[in-house]
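Below: a set of structures, written as structure tokens.
In the two complexes that follow, chain A is the common piece, with chain B as its partner first and chain C second.
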Partner chain A sequence: MRARRSPGPWFAAPVALFMLACFAAPIFIVTWFSLMPARSFDLTTAFTAENYVTAFTEGYARPLMWSLIGAAITTTVCAVLAWPSAVILHRHAGNWATVVAALIALPIFISESVRLFGMSVFMMPRGGILAGTLNALFGLQIGSILNTWSAALVGMIYVHLPFMLFPLLLGVSLIPADRIEAARDLGANRWQVFREVELPLAAPGLTIGALLTFVLCIGANAEAAILGGRAVTVITTAIEQRFSFAQDWPMGAALTVLVIAITAAIVLPVLARLDLNRLTRR
Partner chain B sequence: MTQGHRLAALRTLWIVAILAFLYIPIISVVLASLANTRYMRFPHRIWTVDAYRDALGSFTTWQLHTISLSIALSVVLISTLLGTLGAVAFARYDWRGRGWFQRLLVLPIFFPQPVLGLALLLSFTAIGISPSWKTAVVAHLVWIVPIVTLVISVRFFGYDVAQEEAAYDLGASNLQVFREVTMPQIWPGVFSGILFGFLLSWSNLPLSVFTSGPDTPLPVWLFTRTATNYSPLVPSVAVIGTVVSAMIVIGAALLLWASSRLRSPAR
Partner chain C sequence: MNQERLLRSMAARNPLRTPMQHSASRRKFMAGIAAGIAAAGLPRSAAAQSRPLSLLTWDAYADPNLLDLWRSTTGVDVRYEIHISDPTSVNRLRAGETDVWDFINVNNPWARNVMYPANLIRPLPRERFDPLYAQMKEKFHLPYKWALSEDGEDLLGIVQRYETFDFVVNPNVISPQLAKDEGWDLFNNPDFAGRYGILAYEDWNVMDICMGAGIHPYKEKTEADFAAFEETANRWIQNAAFITTDFVQLNLGILNGEIDLYFTGGTYTTAAARLEGVTELYAITPNSGPADGKGGINWIEMNSAVNNPDFLDATYDWLEFITTPDAAEMVARGNGNLQPVSQMAQPELMSRFTSEELQAIQWDEFDERIANAVEFDIVPDYDRLYDIYTAAMRARG
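Let's look at the complex of A and B:
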């Protein structure tokens, strides 16, 4: 019997073409623009690297640092909050696990602007939900962290926690219970079990969760705008200002390319090693 | 024994705290919408649903919903089509280059969305397309097509290829095999894909904010009105928008349930 050629590529073609036109091409155009002289609006072949030099000499390193530090803090805190939650849900919640998991997933489908707005009315000083309630019930006057970087961070943790929790839940479910028993029987303490058994076995889930959280946070701008009161300028805001107010497309494009390059440097090595078939098949 | 009890109580407390963290802001929006004062002064002196009456009577509310709905429905239509085909390539067949296809396809998910929005905005403007709700559809698709593809792909693992072979042996055409064998099996995945596509598009802020131009979808309007020009109208529109999306999803699920009930006794 003649082996038929697999029709796989034909099925892949529409999606691949769409991604080429609407994902790869824009990245290409932005890269091209980033090599144009400052304040030009056309694509020519007079390439220059001046925008990248400006990016590092004229204070754009600061917003980039805010975004990266914010992403790192958010990822860490989310992991610390999500690990015990995932373990409890997987091992101890029993029948409740599905309900709780659904409750955690639900907010993902409510708009970020709705939830962040809710966070801001909760945090608001004096007449806010928290301050107002405390004042009415106990006569307590409290200050507020609204319009600070901390508030923006709380918002980022709030928005991204589910993105860490679900991959981690997958990761924790990859740990066979008898492995932990075995390690305990061999005299390992809690910390050793965690470090030598649980963490390595749950690593694929943790990696995906951390990667997703970190990458989503690099571009996060709504948290800083709604909760941070622009106490800090994040990189997305800096790029937006270049595009709109300053009318300097090449500069904005150069900053965009820098963010994409950083993202790629983090995502590509991890993704190259991950076996997607194994994870989705589970 | 008591230590076990205390541990169990601690675990419950932890989960309750996490859920409270996730739901307090959502409850806060509902609470804020029940005021009639220009500035937030909680607890409200007068609790009222005036803001909802204003919101329902306002043209803006209807316009925002129309735009959000146009975007979400277009996204669902195209992403389900592309995603189903993509999932077949992703999971059904083993072909040379599949590994690459799988990796490249998930890239947009691992990409900062606002940065994607800005890159698309620049590209659209550079090639002379002015931003509108249609460009927002394209932006949403770049992010949602990979997600829908993954959601549908999951249904393919554990799929029995032998059934297709059997159908071919019995003389079925390609189209018949797809309609009668493949589709019924992956349909739950396709349906989840439709729901995911709809909800993710309806609620999306970071892509819409840069790519929708003068057509303002709900989340973008809420975002701009939160920063400036606040009034109880803002939280009430937020609640209405969220309830509408929930109702559409529940309606779709009921429809699916009813249609499967109608069909199953016959067979």
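Let's look at the complex of A and C:
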């Protein structure tokens, strides 16, 4: 009897073709470009590694460091802020949970630049909304963090919080209430319940939220541009400069490849530990 | 016919401005797909007729009044996308979008030195377009360098908007006369460290830093010039209160007292606010500088026909249309801004501007500003200078 062939590959084919054309092919072209001589526009010249040498010798480590540090800080702060919010929404908000979740999600539907410009007007010194209002109502005169790296971080946390909160909400919902009760009955204190029961059970949601936030933050540059006053240059700005005003596609491509490689080196090991089946089969 | 109209309306839709709600209008979407499939079977020429004129443009040419006037005059549909920057749009043409766009307008050197040699724009028929230059300000009368190819044979586009673009001060803090006399040295003055902003139009910043370093931006540089440029770039970028690509933020910075001046800027960045009655913004072109004695830079926008393999004759009609008094007036007032246009040499057009509008663009000193400026050009050794500039940016934080 002939074994029946699995239909799996046929079902996967459209997605596989899509990924090949829209994901693998662009990365292949960008990688190829990164091996072309600086400031050239064709793909037929002899390969060279000069762009990668330049990337390590011409101060690009600094923008990369700002992007990585910004992403790490934002991910951590978002996780710290999102955990109690997720717990409250899941366990205590009752019928209000949907409304509150919708209110948190609402800003996502507004252009990020518009939101950041709104924050910029809010943070402005003297006549800004916060400083001006405090001065008008209470005679208080305050400074401003606008146009500093701190302002850019505040913007990144504000923009990316929903990307942490909603996966974490899913993670928190994976914690059965009876396990917490059992742990308490067995004498676990609040910290032990959090560390030994809640955190491991919510880990898939936390991991997805952290990955989403981290990866999005590595590619973020609007916050540093609009709120940060370019107090620092992030790596995506450095890449954009190479592609646009420098007209140096190969160098921009080399930096892009490096960022992809570094992001993959950080993200893939974490992703490998993620048990998606636990999320989908429960 | 319905299919054609539907296709046209879908093609003209700018996805950034009015995203299509598939779920809200599934039937219409499916009808569009069906019409597309039907159109794919049409002869190529017939399908091409239904394509709207496509503009890759600065926002003045995307003004709804201008586009409505064009549609009602010609019956030809038009769509547009607004530039992010000159080089980004040139990149898009280079990357194969010549078959997407019909019209592009970028600053003068990009047309003559980059796009035309790379075959990205096509020459205009001279018998039709040469006479339009006779109706412009005298400085543009042919043979005008930037309108022509290197060999002087081909006409590369139509000149329209132009201005000087240098820096902006708060006249309540720095008198305009002092600013004009001091010129770029204002940014070298330690008293203004932390009191100025930078509009990150980066190719302009490179030219401005040249001026501040006492170097002619458009002449070959010596090693001493590079050293001076590097020192000035590091100092100016380090001492900037903030750097942004949004000139409204810089204007607000001046209004809030956060900064007293910024570069790069001019009436392009100040006219709309001045027209609203803001008196704290004043565009300055230095009286003198290192560029053959001049300190200002004069940009000239070149409106060109993209070398689209599926060329629309309507592209030429559009290029002629924008020079008509009604259209030129709308371009000058495009999207709420105010910008001088070359056709203001015509009394009929000039008479349409109110004294408040002319005051907003500081028209009384316009000729003086142009006289004190060199024309925007390709910067020799730009690559090396730009690399120094971006290194200074990276070192800022």
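Rule of thumb we're sticking to: the second predicted complex is superposed on the first by the 251 of 282 C-alpha atoms of A that agree within 3 Å, B and C clash if a C-alpha of one lies under 4 Å from a C-alpha of the other, contacts with A are read in each partner's own complex, and residues count from 1 in each chain.
Simple rule for what comes next: contacts are C-beta pairs under 8 Å (C-beta built on N, C-alpha and C of every residue); 3 or more make two chains touch, one makes a residue touch a chain.
Computed from a predicted model, the values in this text were never measured in an experiment.
*Asks:* Assess the superposed three-chain arrangement around chain A: do chain B and chain C clash, or do they fit?
*Replies:* Chain B/chain C on chain A - steric clash.
*Asks:* Have a look at where A:272 lands relative to chain B and chain C in the superposition and call it first, second, both or neither.
*Replies:* first
*Asks:* Check the residue A:59 against both partner chains and state whether it touches chain B (first), chain C (second), both, or neither.
*Replies:* second
*Asks:* A:243 contacts which: chain B (first), chain C (second), both, neither?
*Replies:* In the superposition, A:243 touches chain B and chain C alike.
*Asks:* Go through the superposed model and pick first if A:14 touches only chain B, second if only chain C, both, or neither.
*Replies:* Only chain B is touched by A:14; chain C is not.
*Asks:* Is A:147 in contact with chain B, with chain C, with both, or with neither (first, second, both, neither)?
*Replies:* second
*Asks:* A:226 contacts which: chain B (first), chain C (second), both, neither?
*Replies:* Both chain B and chain C are touched by A:226.
*Asks:* Can A:124 be said to touch chain B (first), chain C (second), both, or neither?
*Replies:* A:124: touches chain B and chain C.
*Asks:* Counting residues of chain A touched by each partner, does chain B or chain C come out ahead?
*Replies:* B
*Asks:* Looking at 45-53, 189-197, 243-251 or 351-359, which bit of chain C clashes with chain B?
*Replies:* That would be 243-251, the only stretch with clashing C-alpha atoms.
*Asks:* For chain A, give the residues common to its interface with chain B and its interface with chain C.
*Replies:* Chain A residues touching both partners: 117, 120-121, 124, 126-128, 225-226, 243, 249.
*Asks:* Where on chain A is chain B touching in the complex?
*Replies:* Answer in residue numbers: 6-12, 14-16, 18-19, 22-23, 25-27, 29-30, 33, 43, 81, 84-85, 88-89, 92-93, 100, 103-104, 107, 109-122, 124, 126-129, 131-133, 136, 158, 161-162, 211-212, 215-216, 218-222, 225-226, 236, 239-240, 243, 249, 252-253, 256, 259-260, 263, 267, 271-272, 276-277, 280-281.
*Asks:* Note which residues of chain B are touching chain A in the complex, please.
*Replies:* Within the complex, chain B contacts chain A at residues 8, 11, 14-15, 18-19, 21-29, 31-32, 39-43, 81-83, 85-86, 88-95, 97-98, 101-116, 118-123, 126-127, 138, 141-142, 145, 149-150, 153-154, 157-158, 199-200, 202-206, 209-210, 218-220, 222-223, 226-227, 234-235, 238, 241-242, 245.
*Asks:* Applying the document's contact rule, which stretches of chain C touch chain A when the two form their complex?
*Replies:* That would be residues 84-85, 87-88, 90-91, 94, 197, 200, 202-203, 241-246, 249, 252, 255-258, 383, 386-387, 390-391, 393-397 of chain C.
*Asks:* Under the definition above, what is the set of chain A residues touching chain C in their complex?
*Replies:* My answer: residues 39, 41, 58-60, 62-63, 66, 117, 120-121, 124-128, 146-147, 149, 225-226, 229-233, 238, 241, 243-249.
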